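After this come two complexes, each holding chain A, first together with chain B and then together with chain C.
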Partner chain A sequence: MARDCVVHNKDFDRFLALLIEKHSVFGPSDNDGSNGFTRIETPEQIKLHRGVAHFSFKNFFFPQTEVLFSFDLASKKIDAANKETEDGKYDILIGLRPCDALAVDLLDQVFVVPDTKDVYYAERRSKTRIISFACNEPCATCFCESVGCAPDSEVGADVIIYVLKDRYIIRTVSQAGEELINGTGMHFDAASEKDRAEKEQMMTDAKSQLTRAFSVDELDDKLANFDASYWKQICQKCIGCGICTYFCPTCHCFDITDDTEGSQGRRIRTWDSCMYPLFTLHASGHNPRPTKKERMRQRIMHKFSYSMQQYGRRLCVGCGRCVVHCPVNLDLRAVIREITEAK
Partner chain B sequence: MKRVQSELVENVSKLLRENKVGLFIGYQDGSLPLRTSPCFVTKHEDVQRLVWNSFCANNLSVYLKSVLPGLPANGRIGILCKGCDSRSLVNLIVEKQVKREDVVIIGISCPGVVNTDRLLAHLEGKKIVDVEENDEDIVVKFDGGEERFARRDYLYESCLNCAYPTPSVYDILIRVGKHSPKPVFPDPMINEFNKKSRTERWQIFEQELSRCIRCYACRNACPNCYCKECFAEQTKPRWFGLTNEHSDVFFYHVVRILHQAGRCVDCGACVRACPENINLRLFTRVLVDEVKERFGYEPGLSLNDSSLLATFSTDDKQEFMAEAD
Partner chain C sequence: MSNPYVPMPAKIESIVIENEARDIKTFNLSLMNDTDKERFSFLPGQFAELSLLGIGECPIGIASSPTEGGCLLFTVKRAGFVTTQLHRAEVGDTIGIRGPFGNTYPLDLMEGKNVLIVGGGFAFTTLRATAKYILEGNNRNRFKDLTIVYGARNPGELIYKHELWEWEKAKDLKIYITVDKGDKGWKRREGFVPTVLKEIAPNSDSAVALVCGPPVMIKFTLPVLLEFGFAPETIFLSLEMRMKCGIGKCGRCNIGHKYVCKDGPVFSYAQLNELPQEY
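On to the complex of A and B.
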């Protein structure tokens, strides 16, 4: 089903302009803002970063603050905040790296589940198409390869774009991606053997820049020991802020609170973090995760062990944002190594 | 730098061997170029991990505000303190969070810490293989060359205007070269800020803090923020909302900043921790200068101090309470 088209540099902006004309397009730009991906009005605004963008796409599907509904107790009225958009219309999220596209797929597995579908997430997700860009130049903090992702991973993308020297290969990954490309009305040449060979070479080069940060071969066995002694060493330097969880494209914990004034109010969902002490504080005053040891263990276990049991996948895509931003340089890669190398 | 490091290692090794401390908190090489990471040493055979260089940015006193998991039975903690770190620690002692006799302080007369982000921005993605430094310069070696940087030009702003590079309290002092900064009071950045109108100052506040993602890194990196339950997350009572809307974010920061009056030592840990590069120091430094001007007080300089907000004198300036405007 996948189809490889070729677009020369001079025509690429026209391709983007056609997308912008027909859809609301969001992508990385110089002005990332706190939403990560901003509305793109002209092709030049799209600025691909080396490696991943500062923020992931997470805020787009799962905003840090989301009003679920507002209510008025006096008139007993509820106003659901999620408005249905026009049928058949959809937005485009462009410029994700393959690791982020994989993270979209992982979040789908959490939020778009038949019995417990999150309507807010699912609504936005079903009306969005993902165009990712393969990664030619991984950063020193990238470790996608160690968690089973790759600079040319197509999981989660509808379309993936490979940037060659003087042209682009646009590869449709899903049926929706195929429709998206056809919808531009633009004529594309099919990629030749030469195009494909050049693409393969670029990807081989990109992969050669990645070093294996850790091996997950024995990780399941190691993590089976919940009471392992290494947790109290591993957590020592953690200062308990929420940076790793907020920047992580797959962390998805949230809190729900009511913001009320008089008889009126809003029910609001906000991001939460397992690194915060009040995250698990019970009404009784008991806290099952009283110190950073339990909290750090939870974060690692959820990403690398519980998710394996629940979905058969790990909730880490190797984007490296937690490594980049941790104020005390508590490097997730080193943590996993310490666990796998423990006796 | 090599001399300082070996002096440090020797001292820590001795402290651990003689059982004077059960744990030493210092720095080790980081996993990223031009970075260090806090390091916890409990065995004297591990002391070689300890380093001292221009990138020892974290304020390690932050680790003394809570009980550390895995703390050995003899309980005493050794800690490496730059000037600002020692003032934070003294403040923790003055505020009765730490007992003086529970800590052994190795002080380091600090030549200022280098801003890694600014160096990296200058090096534009070059693959760094090694770093060498002396009192004046930092030489960064990368694939295909090397570049020399004057330390002075790349220090953190908080370091450039540091008045107390030598720790105020210590048990052992290691002297490091010379300290180049010439502190200016009041801080020039604050002078500029104070010249602006109230509206302009509010605009700057809005502009900076609207980038906040409420990760609480500023709070958690600060040794002064040791409340067991932070008002920002408290549920009984709930003081304000958990959103990242401006009203909630600004409320959090106003209260956090005001709680630093007479306590902030201007170490810059909050700025370094912030993933959004918000100039949080701008607002706390206003308080630092104001407290010094009004009450002649600078926190963290003496163990005999009483906390500013816990003392009262009939001579205290109070005209601001009736300020018009």
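On to the complex of A and C.
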């Protein structure tokens, strides 16, 4: 199904402009100074920095704050705003790195489940196509390779774009991606052997820049020891700020709260974090995860062990955002190394 | 596509104050929409999120059996923000329900077997639902002997009192009611639930035990059951956790890789032995 097309640099902006013309396009931009995913109006607004965007795409499908429904306190009438649209229109999320595209696929496993589909996430997800960009230059904090992802991973993407020196290779990954490319009405040359060889070389170079941060080979066995003594050491530096969970593209924990003003109210979902003590505090006062040791263990275990039992996959894509943003330099890679090297 | 976050409106038909301390109330709710009534099919052991607009939600076990007709009973202890507001609600008020959520007591496994129910305090709610389910005319033959051991701190803290006294007289079950410490008028047993359980020496042959109560009761009840030959696979416990979504997404009610809201709340003791002791 996959098809490789070639676009020269001079035509690439035209390709983007055609996408913008036909769809609502969202991508990493510095429009609001954040390098988060925002609405893209012109091709040059897309800002692909080295490595991943500052903020992940997460806010797009799973907003940090989202109104689930509004209500009237007097009449108790509920207005759930989300409506399923069948107009065939879809949005484009462009500029994800392969690690973020993989994270979309992982979040799908949580939110798009047949019996308990999260309508808010699923609705946005079903009307969005994903165009990722392969990584030519991983950052020092990238460790995708250690968790089974790669600079050219296609998982989660409908289309993946390789940036060569004077041209781009646009590779359609899914049927939806194929339709998306055809929908532009633009003519593309098929990639030649030379194009492919250059692409392969770039990817080989990219991969050579990644160093193995840790090995997951023995991780399952190590993490099976829930009461291991190292948890007490590992958590010492943590100040429980939760920033790792906010930046993480696969962390999906949330809280639901009510907000009222006069007779009008809204039920709101907000990102929450397992790093906070109130997260699990019972009304009785009992807390199953009372100290940072239990909370740190929960975060690591959820990502690297529980998810293996739940989905057969790890909930970490190696984007390195938690490493970059931790205010006390608590490096996830070092944590995993400490675990795997423990006796 | 149905939205699992939107509560169904329900009317409070009646409220019973269950205990002397007046902090446990049973709310009898009826769903207001016919489509919701049809959709809300449940079995003993499941729970629902009770929802107060402008206040929030709390997960509460369903205390009634589906065999009891249209009524939905929820016995709620006043403990936190939502339950405190719920205790201020009056008959005729409209509240919301989301659910039913979670798994059930192992009714299939219990079929054709003796059932031992061990409960303590206000955690007797879904156990009451199970007893009602078993005792219902058409169901009674599907199960063998039903034995209930139920205790509370003192006589005033026993819930569902009228039903307990009726069950004492009934022929199709055996019930042992006990309190940690009686008062002047108390003519029945005194003693902790595990002690009483030991006295009655339950027969574990072809039997299933369902246990729900405060942690300290469970801690001392499990060794007694094991001592009398109950295999960990035949002992079932219902757990509680702080929850929000009820559908395994918000991430806070997990014990290891199991979510209490969707993989539980009922777990066998054998299953719990496989999970981290973090609950």
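Just so we're on the same page, the second predicted complex is superposed on the first by the 333 of 343 C-alpha atoms of A that agree within 3 Å, B and C clash if a C-alpha of one lies under 4 Å from a C-alpha of the other, contacts with A are read in each partner's own complex, and residues count from 1 in each chain.
The rule is short, and it goes like this: a residue touches a chain if its C-beta (ideal position, glycine included) is under 8 Å from a C-beta of that chain, and two chains touch if they have at least 3 such contacts.
These numbers were taken from a predicted model, which means no experiment stands behind them.
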Partner chain in contact with A:Gly265 - chain B first, chain C second, else both or neither: second
Partner chain(s) touched by A:Leu73 [first = chain B, second = chain C, both, neither]: second
Which of chain B and chain C A:His49 touches, first, second, both or neither: neither
First, second, both or neither for A:Asp255, with chain B first and chain C second: both
Touching partner for A:Lys89 - first (chain B), second (chain C), both, neither: neither
Which of chain B and chain C A:Ala140 touches, first, second, both or neither: first
Partner chain in contact with A:His8 - chain B first, chain C second, else both or neither: neither
Doubly contacted chain A residues - partners chain C and chain B: 255, 257, 272
Contacting residues of chain C [partner chain A, same complex]: 1-7, 9, 53-58, 79-81, 83, 94, 240-242, 244-245, 247-257, 262, 276-279
Contact set on chain B toward chain A in their complex: 30-33, 35-40, 58, 62-63, 67-70, 125, 127, 210-211, 213-217, 219-221, 229, 233-235, 238, 241-245, 272-273, 275-276
Contacting residues of chain A [partner chain C, same complex]: 68-69, 71, 73, 76, 78, 80, 82, 84, 110-111, 113, 116-120, 122-123, 226, 252-258, 260, 265, 267, 269, 272, 274, 279-284, 288-289, 294, 298, 301-302, 305-307, 309-310
Residues of chain A touching chain B in the complex: 34, 50, 64-65, 140-141, 232-233, 235-237, 239-243, 246-247, 255, 257, 259, 268, 270, 272-273, 276-278, 291-293, 323-325, 327-331, 333-334
